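I've put the structures underneath this note.
Heads up, the next two complexes both have chain A, just with different partners, chain B and then chain C.
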Partner chain A sequence: MKETTPIEFTSLNEEGLLNLSKERLLSLSLPEMKAIQEYYQKISREPTDIEMETIAQTWSEHCKHKTFKGKIDYTEIRSGRHYRKVYDGLLNETVIQATQELSKRFCLSVFEDNAGIIALDKKWGVAFKVETHNHPSALEPYGGAGTGIGGVIRDILGVGLGAKPIANSDVFCVGEFGPDKNSFGSAANILPPERILTRVIDGVRDYGNRMGIPTCNGAVFFHKGYYANPLVFCGTVGLIPRDKIKKKVTSGELIVSIGGKTGRDGIHGATFSSAALEENLSSSLVQIGDAIVEKKAMEVILRAQKENLVSAITDCGAGGYSSAVGELASSSGAKVYLEKVPLKYVGLEPWEIWLSESQERMVLSLPKENLERFQEICQSEDVDCSILGEFTNTGRLELFYLGQIYCDLDLKFLHDGIPRVYKKALWREPEVEPLSVEFPHQAQTGDILKKLLAHPNIASKRWVIHQYDHEVQGRSIVKPFTGLEQSGPNDATVLKTHLDSWRGIALSNGINPLYGEIDPYWMAANNIDEALRNLVAVGGSIDACAILDNFCWGDVNDPEIMGGLVRASLACYDFSKIFGVPFISGKDSLNNTWKDREGNLFSIPATLLISAIGIIKDVRRAVTADFKGAGNWIALIGKTKEEMGGSHAAYVQGWEGGQVPKVEGKSAKNLMRTLSRAMAQGRVRSCHDLSEGGLGVTISEMCIGGGLGAKIDLSHCQVCPSQMQVPWEQLFLFSESSTRWLIELEPKKVNGVKKLFPADSFLLLGRVSKEPVLEVKSKQPLFKLKVQELKKNWESFSRSQE
Partner chain B sequence: MSARALILKAAGTNCDGETAHALKISGAKPDTLPLNEILKNPAQIFNYSILVVPGGFSYGDDIAAGRILANELKYKLGDTLRKFVEDKKLVIGICNGFQVLTKAGLLPEDSNFEQTVTLAQNISGRFQCEWVAMKKEKSKARWLEDLPKNFELPIAHGEGYFVTKDRKTLNALEKNGQVIFRYAPKNPNGSMRAIAGICNKNGNVIGMMPHPERFVTQYQHPEWSRRKMEGDSVGLLFWKAAVHYAKGV
Partner chain C sequence: MQILGSMSSRLVEVNSRIKGSVDHRRSKIEHLYSALGFGQLECLKIGAIYRLEGELSCEEIERISKEILCDSVTDSYSIDSPLPDNKTFFVDIWYKKGVTDSVGISLLKAVKDIGIQHLSGASHGERILFHRAGENNGEALEKKVIRFVSENLLNPLVQECKITGQFSQ
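Right after this comes the complex of A and B.
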């Protein structure tokens, strides 16, 4: 064993081990360092630097999801009583277990490959994956976001034997705009959220548009808690033939790398993403992307897949070759000759070549007899292709550089030698304060509505959406914008999967950290409900859909923050089961924290993004959210309760307390199914879900989309307020109770549709009117606002960004 | 006999799939070939009667949109293309393809392949993807006659601001009937005289920023769910007209 950079390791004491972990940016804990030490003591030698780095990368939170797979000692305190439960692998016992118990036949590949896959039809599957790229986007938002999207596209290219990307979805959480919105201490060298968001959008635009993949779905959430640690979620959907889903590496096959060259960029990305953001982190930790290199690699992969040339493929993401080859070789073995790696420039140490996170690289396993044809394809597409070594059956990872061996690791130890993480989690049931309002409460209902429409979380995202090419590939059927002059929003996007068929998919998402500040359990339930009701709103069905989880959490060494993670996971299990909708893939990004100048550690708000994908049998049956015709009836589906906790009305008015919306699982499921049925029969002219800002915002958006007005009368409506500080009409208009939609019905269809729903979940509110005015009355008139004025408020934020 | 169409693909081309589909359902037999494959035997172009340079970001649009691919066409395929055009065969450049054809001097047409017009950065300074209203002009591209006078198509570009070298060039375009489409009433990118597409003097080479291949069924229109739209979509009419013309040469 050559030891160019020998590490004195086996004799280190605890302090020495921790220092080494810190100095080399390994992000390994003491028990982990000890386990490695034990391994080397047993084989009686010192590790090489490349071995140390390989282990650290493989064992990083980013790659191993240690917390979610670890042991968690959870205590819940309810009404003064303690309930304790130990979880032996939180993810397995919640999210994954729900999927296993549901055991849906349309699930073709779940939680094993680079993306989850469900069946589209007898021949095709659709793969979906959502990733986060948070820390890089905080340091260098343009590169961070670009490589975030580049990375998730590679996940799709690297699922099965390669899928064709057909859609991107992007969700961002950033700090609030304007001065002094950071209440979490003054973190140094932090880019202001205005700058972060602009550059993140630029990054997604420049990468996604160049790849020729439509970015057609997404969200932006502003909250002061993301000031120093923004969240960037990037998702991609791909099409894959069902007989190309399984990969298998055989000993003797070539390890081939295609795409980008290797440089020093992004070394330690995997370990860095698992640590707190603090001053003096270099933005060279962030990789630099080149979409055209990836686009060309994509063409090669898809052609090779069609011609059945490769037997396995995966992408180089966090950890670079170390992770990609390590994964493919996990049940076989590999010999890699590092001098064969094409470099951007000379002077890289062998460990740097191995760990570099340079972008646009894919690793595949190629039977020798297919090499010639594969190289031909690479040539015609102008793609670099190099043979790095071959897969073996030794169970060892052997790395050579110019004839000398630099690494000889037992793959079993590398993948399974990591000690289990043990964490304590605590949850105290929050005491619900009744909704309280500054007296005397004089806010006019119409003014609250205008404020809500102008709030960045609710307002039009036109300036973002129009920068993304959401039409490329010609699949788009229900677009981000709808209605007259495309001025209103839609709930979800609908795409044709094949240009010569009417089958398609719908994509939607749900995210709302405000509920999580009250109870992460109900946040998770609401986010699932939101993603699903959005899907239903465009014509999807919960019986043909799947969801993805992306947990972004703060400091999970804090038992109370960890307690929230357990709560959210439990809700994922409960509501996945109740709705009968399986999780097929997910990702967690923990330790989203930063340190201020005084060294205080801050955590982001607990955040869960739920992304849903549904199969649409005939996209021509899809429904959009814009009002279609004057004289049609407007009906509210679902029950409205005094659920103002975490609502945007409370947020913009400064109201405190209130109930967090609770999802009534069984009846929610029935409502979704019933509405889907009515829509499939073509009985609903338009449909829009109620979410942030409640009924008031939803009806305004439908008016804006249709260029039409509405007259509604609330005098027969009811809401059971806990107290009457706020007029009940305001509660009714702005409550964020879950599982609700507004639907538009032609007069002759009202009775038929009404009969489908339980009496307490179908309320006729009024009619669409020709005059573009929104008029709301109760026993007395409440307000009358021109749709033009609603629109002006709703578009004001976007205009300020254009 | 069906018309054969060649879709030219370079690194960064990304509208080749929907373009092939549009040609297919319009009655053509499309082949998509990487430029490297075409360069191996340039004469194979003569097997086709339609050549499409589709949208995308050829070579990442480094330097300027379409510049590198334009130079490749000019210097590696120049004579072949000139012959193809002289034969009255159809050359269609869409979006990035339009940018390529202007930079290669094929549009509005110059005997020395000199560039006289360009597509500069949108006056908004950013990429714009939206559906825009347009009108058809009476032009030398007579084969477009069956298209309606007014219609909508999607645009998706950062560099679509049509600019001519000088006023003379602009006036000549108008006078010669080389303006085929204009944005109307809204001019989304600042183009001179709202020009969205032009052709050469014979009308068999055209370039346009909007994407007809993205509107080959009425269900791709953003308002399909609110107004009944009968018959072929405008994009389909466009491609059918191209195929009809190509069958005649």
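Right after this comes the complex of A and C.
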């Protein structure tokens, strides 16, 4: 029989406490170790190893979000003046506060369960969650990404009493390809970005496809700052009956685990996720998933939900049973008998059983009278089912192994005993340099466009998308690609939710870390704007829409990096309020850093992914981005300004300075609503938003999708402010000002649509042409390029990866 | 039925049988080997490999290969395939012990589902067949290939490789 292992702890000095935290990979700070020490001094005993591990996991940044919930002393320096504010819980005072103030009736569950839920109709809700799985994907991209998607699918299975997953999304940020593109050649223990991305895609593909869930929305962003610390965002959408959203654990109910067996996979995953990547990490930190096991567990959960067998459910994610049982029992208590856990192999210590992050496991609270029927379902689906113990009303977490007690923790201390984190944050207003560039001769405008189209961030993601099954379940209406040859991109995905209704949902995202290098506030504003304008571009509406935040940040102990996080959070509050679009869920992944062999610490670029989900009343009104008919007019909606800061044209051309795009919130909201109205009335034939690469890229992609050309005349166009230096045509074509779309209108509908928009936000640029050539002129011809040539450039990167 | 006595571990190799199909991974591996300065190497084929453990008869192994491991239209299989000649060698990439091999787990279950009860273990990997392409120093080649594969074709955190061929002088 195994013995409990008390740790000599209560007599340690500060150095000893820190050493213990490091040796056991607890990732606990000195104040946290002291708080634990005080607890054990008070109860006059030493902790067991399983208790220390349980506390460390529960108090990890991953599980407790202690930076976002901590106190932040923020100083902003603008025009030489200092402004100071102390935030007592940044998330509560920004993102969550916006949602509370908006108080939308369609929000059914926000920030309280494994996913956010909005109303689809009177009977159904739609759950949405996006997770990150960054450090595991850096170490073992296939397993890391596969378990990333597997984990977020379990979040959907574990929301309310279980939702049915209907779509996956994936967004990856990776280092640029090629040894010359990265200056971190001596980074330790790091796979090159080419291998990371390839295997990350494999991982998402194999898991999503095998689960029978379409992966239908996403993005890939290349930047040298992600060289050794890729970001892997995985999202899942689910359908849930509205009367199955609330869960409640009652004392006396059984703690039941279903799904995978337990091994040493992912031990310390929760604490590791907030530590810097360095050499000599153990393979036990890595999990490899098994989609088939999860698929079978999914069937059990959905059947049990239909038959009202279960009172509560959650998934085993970071921290394993410790986290799952700990969360469900947080307001009651639990007794768990660890020898009941089915193991992959013998030899696991009790603390390893408890902390293991083996995949495909769900924990349920089951009334005893439902056990027999539940076991029948498990048997019929060939799913392992184990009764681990029962929920109590003692307020204690009690763990036993072969008759001996290994853990006896006060749940109040476990969940509320963590000392508040206190961090300093500093933001200096950046000095904006004017765009310093000798503009290339106008004759080179076409060459810049081709270069942009070929840039991996803009180029076709065909080699990724074609590996995913985006048709399974038969719901897709607007797909990743569009046009007769399915070769042009769409802005968002539209799915029909039920066979007997035309109602549907739209999914989109917004991400651009280049803006964050100038000002994270405007990065966040632009990302929200991008996610929403993508949604609007396919026929969605910001009036029936919600968003999710995923902050991935670097070393938040650095006040300036922390200052950026405050700035981005403030923008989330401001623009959520202005647009009237609530946040319903989110996740932060902080301290995304790595060390090179010399011990230098690198942080990733400040990154915020905004994911949007909207309800579409009638999917037959959905619009795609490919040109539909020669002779139709092409109109630009929105204002184009001298906003080249952080633009892709500046990136590929090496231009420096310039203004980062600024979102004019109120007029942006009006434009979105007006465009949605026009589209709902069936007045718009095609629509595509302007984002990376600006107008030039957007019109090229619409030509590629439609297999048609366009004749564009810029001679009546203006760049705001109008005192711009010539050649303003390049600014007009490549500026990345926010809240803009190109729309295609039949000639008879032009005047009617024009009247809907303010005069400065509607500009007729030209017409769609039958000949597949993009011809752009100002007072003189600028360029004339065959659509085939544009397509060749746009698809070149994808071809090189196939 | 022939029982295979003490031989309790068998390797089944599965490859595409579609004539004229191009596997870009082969040329990528060759290009990478050369671009990284290892020299010249010819990558002849890349396929899946399965290790079956237990007292299985030949008929049972054939049945597992045909019914579970192979798509009879697109794939071919061979059991304990020998090297074509002494100029060729296999590199087999496997998950390390203790790492979840989900394909192996599914295989174990699938074999039981078709009524074969003697399979005690199953694992899944990848087999790459190389031709030494003019490299005559066998021992140096073996070291180079192991280094190349370990650094470029597998993740040493969770995977390991085994090389099979004639390398001694």
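Note that the second predicted complex is superposed on the first by the 783 of 802 C-alpha atoms of A that agree within 3 Å, B and C clash if a C-alpha of one lies under 4 Å from a C-alpha of the other, contacts with A are read in each partner's own complex, and residues count from 1 in each chain.
Quick note on the criterion: a residue touches a chain if its C-beta (ideal position, glycine included) is under 8 Å from a C-beta of that chain, and two chains touch if they have at least 3 such contacts.
Predicted model only: the values in this text are computed from it and were never measured.
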| item | value |
| --- | --- |
| First, second, both or neither for A:G638, with chain B first and chain C second | neither |
| Touched partner set for A:E140, first chain B, second chain C, both or neither | second |
| Touching partner for A:G614 - first (chain B), second (chain C), both, neither | neither |
| Which superposed partner A:Q359 touches (first chain B, second chain C, both, neither) | second |
| Touched partner set for A:G389, first chain B, second chain C, both or neither | neither |
| Partner chain(s) touched by A:P230 [first = chain B, second = chain C, both, neither] | neither |
| Partner chain(s) touched by A:G158 [first = chain B, second = chain C, both, neither] | neither |
| Greater residue coverage of chain A in the superposed arrangement, chain B or chain C | B |
| Partner chain in contact with A:D626 - chain B first, chain C second, else both or neither | first |
| Touched partner set for A:G319, first chain B, second chain C, both or neither | neither |
| Contact residues of chain A, present in both the chain B and the chain C interface | 290-292, 802 |
| Of all residues in chain C, those that touch chain A in their complex | 24, 95-96, 98-102, 105-106, 152, 155, 157-158 |
| Chain A to chain C touching residues, read off their complex | 139-143, 191, 195, 199, 263-265, 281, 283-284, 286-293, 344-345, 358-359, 802 |
| Residues of chain B defined as touching chain A within the complex | 11-15, 17-18, 21-22, 25, 34, 36-37, 55-57, 59-60, 124, 126-131, 154, 156, 211, 213-214, 216, 219-220, 222-226 |
| Complex contacts: residues of chain A adjacent to chain B | 205, 209-212, 290-292, 295-296, 299, 379-382, 465-474, 476-479, 481-484, 486, 499-500, 619-620, 622-624, 626, 628, 686, 706, 802 |
